[in-house]
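Structures follow.
Both of the next two complexes hold chain A, though its partner changes from chain B to chain C.
And now, the complex of A and B:
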């Protein structure tokens, strides 16, 4: 690489840091909100009555059937028609959170339903009530099963933040485009973008693997 | 007169159109050990699960220490009591399953302590002491920190027994507890149950181990097609079966 690249890198370092910050801020916020909503919907899918289950199922299937980009564009450009006007940042986070919530809901339902019936009966037989059985028996086993998939979703969300550049959020990808527009070092700065995404995603995956091992059932 | 612990009268239970229990009566006094034998599909496991309220039944009454459990008869209408009451009624009995059903994410000691702490609201220290006491009783004094996956089947089943008796139930229910075990592990589990019998624990045991049933029981019940086909002392049942069905059943089982 030429000295020109490092010079340009130095000049644009603050922009890049702000881009990384924006990427992480959007990702983390979306994952947290998405997980919280997803848990409620997942519980509805598992324990809700038939009507609640129907609407939860509808939500999950519809969201999972829509590309994230379409979700982003819809929330940013179509919702204002019904007078729901979100800033680009709000719309971006909301879209990714909604996407994540459907994933989380589905994986939690799967995890809870995979807990063997014998576990539930064993819990009942020692006198645990429904809620205690859920907290101390079903959930700990379901969470262990869900963890790897949840980490996958987190990585998907980080990669999904590239898409919010299209509604003008200055995250890593858009920062790079702006820098390249100024210095035409196309290959170098896109490679840098790839490297940054890789480091973030790889760290998440390794952390996930580490936690997985820590809590693994012996 | 001995204290009556369990009173089952005229239990009828169907899964859909299939009538599994067709009017079963059975009483157990304090300290009684009663074994239920019979071919699969005869309803013996279902009967046990009804006593532990894991199954609903359409007719009949089950009383523990004189009190009706599971159902109420307010205004002449038979209704299942609410979940909270079910949970409380269920706590009167301890149950051990064929497939152990230990919680895999908890250690042996934690398996025993969970309900002591969360149901009986005992302190952590007291629960740990009770757990250790029962682990010693079932011959596993130094396996408290082991997880179920690190124990053999026989050891897991012994922990499961410890978990159930630690709750101090009025009645213990054993549902084919050795059926999932390798032959060489069966005796260690049966020995634990025998020692509980010596202690005077009231027990209702569904089993395929005829010699064990013969040795441990005060009374043996032969279930056949949803009813009690024959009942009596172990000697009467195993040595002098009076019905043809029981003779045929015994001929096909090893003793």
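And now, the complex of A and C:
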């Protein structure tokens, strides 16, 4: 039987900390892997030949059309059938990373294509090659534009980690369900979960705003 | 054990998949309609001159945008009955998705309100309209028409979010597919079908919304 919210909270503090750690671990890994894959696909979308562009576009559009939950369940259930054995943790991270990669690719393409054509022509005029133009002219401007959306994606990923509780990864949501299963303080512990996610996501958002201001062109 | 591809079980349960998709669309439409109304009111509160309204509305938006939908759903479905509010699955999910949609729509509308030229409000004042009349007859029509592209993106992502309802066992598409997977073990067939359903549904919804956008776009 339950013995009051704060008593229960004290009893389960280690579980909650482990849940937070798992949530952060999954999010950070997924964001890093997703961003790296996303950059490659985004570059293919912008500079690739028509054949490569077609496949990159197909990948991005298909992934963006599938809900994260379906993506997670698909990867978790389908990969073992085709003899790719992944643990739940790996499957969870992989699906969130794939989700992130499509978002990153799309925003990078947008950012690169929004660089005014005059800038590229200017770079050509002063004799910069393709890679020099890319590194010194397109990329710095694209990154500034991409940053706010990238931070949004990071928040989306953290929120998406709630869904990996379904394949048995013991992150915050599943920890809360375990705690509630013991003491039936449903409202309090779900509210606590909401508060923890709020603190994580809100600080990511604020940090993003701060960095955005720092790197803005004055 | 060799796995062979056999879509016949999927064909046999096609009706339940479409039934699930129907529930998804129904829940999305209900929450989009209610959420847009909430979003409209909250957006005007966000740019209000009164600090009280601004603080209240921006708190709502900040909280909802930074808390995962699943937590809101679980809180409303499992938590609120403790406080005496009992809903069945579908109304409870529509409630959650509405609250969620409200914050996202409000954010879209806020940007739209700030982009409305000051002159149109002043013109309304000049011909003797009250504040409420200016909002209802001048600002809202401009707002809805100018923010339609951003709104349709929000609506599509809300449709995808409706899949979360499977977790509180609403018999929608994801739930039906999961059931199909567990009952028949036709894993690849079940999940590939789910992906095709969602991708095609999103594509069709996007296509329809593009037509609406073109129709309501403010001529240049």
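Before moving on, here are some points about what is shown:
Note that in this section the second predicted complex is superposed on the first by the 215 of 218 C-alpha atoms of A that agree within 3 Å, B and C clash if a C-alpha of one lies under 4 Å from a C-alpha of the other, contacts with A are read in each partner's own complex, and residues count from 1 in each chain.
Here, a residue touches a chain if its C-beta (ideal position, glycine included) is under 8 Å from a C-beta of that chain, and two chains touch if they have at least 3 such contacts.
Small disclaimer: the values here were computed from a predicted structure and weren't measured.
When the two structures are aligned on the shared chain, A:191 is found in touch with chain C, with no touch to chain B.
Of the two partner chains placed by superposition, A:174 touches none, neither chain B nor chain C.
Contacts of A:67 after superposition: chain C is touched, whereas chain B is not reached.
In the overlay built on the shared chain, the residue A:163 is in contact with chain C alone; chain B does not reach it. Note on chain A: of its two partners chain C and chain B, the one contacting more of its residues is C. Of the two partner chains placed by superposition, A:107 touches none, neither chain B nor chain C. When both complexes are overlaid on chain A, the residue A:118 reaches chain B alone and has no touch with chain C. In the superposition on chain A, A:155 contacts chain C only, with no contact to chain B.
When both complexes are overlaid on chain A, the residue A:41 reaches neither chain B nor chain C.
By the document's definition of touching, of the two partners only chain C reaches A:202; chain B does not. Chain A contributes residues 118-119, 121-130, 132, 136-137, 140-141, 144, 217-218 to its touches with chain B in the complex. The residues of chain A lying in touch with chain C in their complex are 61-62, 64-70, 73-74, 77-78, 81-82, 155, 158-163, 165-166, 173, 177, 180, 186-187, 190-191, 193-194, 197-198, 201-202, 205. By the touch rule above, chain B contacts chain A in their complex via residues 52, 54, 83-84, 87-88, 90-91, 93-95, 97, 99-105, 114-115, 118-120, 147, 149-150, 160, 163-164, 167.
In the complex of the two chains, the chain C residues touching chain A come out as 3, 62-63, 65-72, 74-75, 78-83, 160-164, 166-167, 174, 177-178, 181, 187-188, 191-192, 194-195, 198-199, 202-203.
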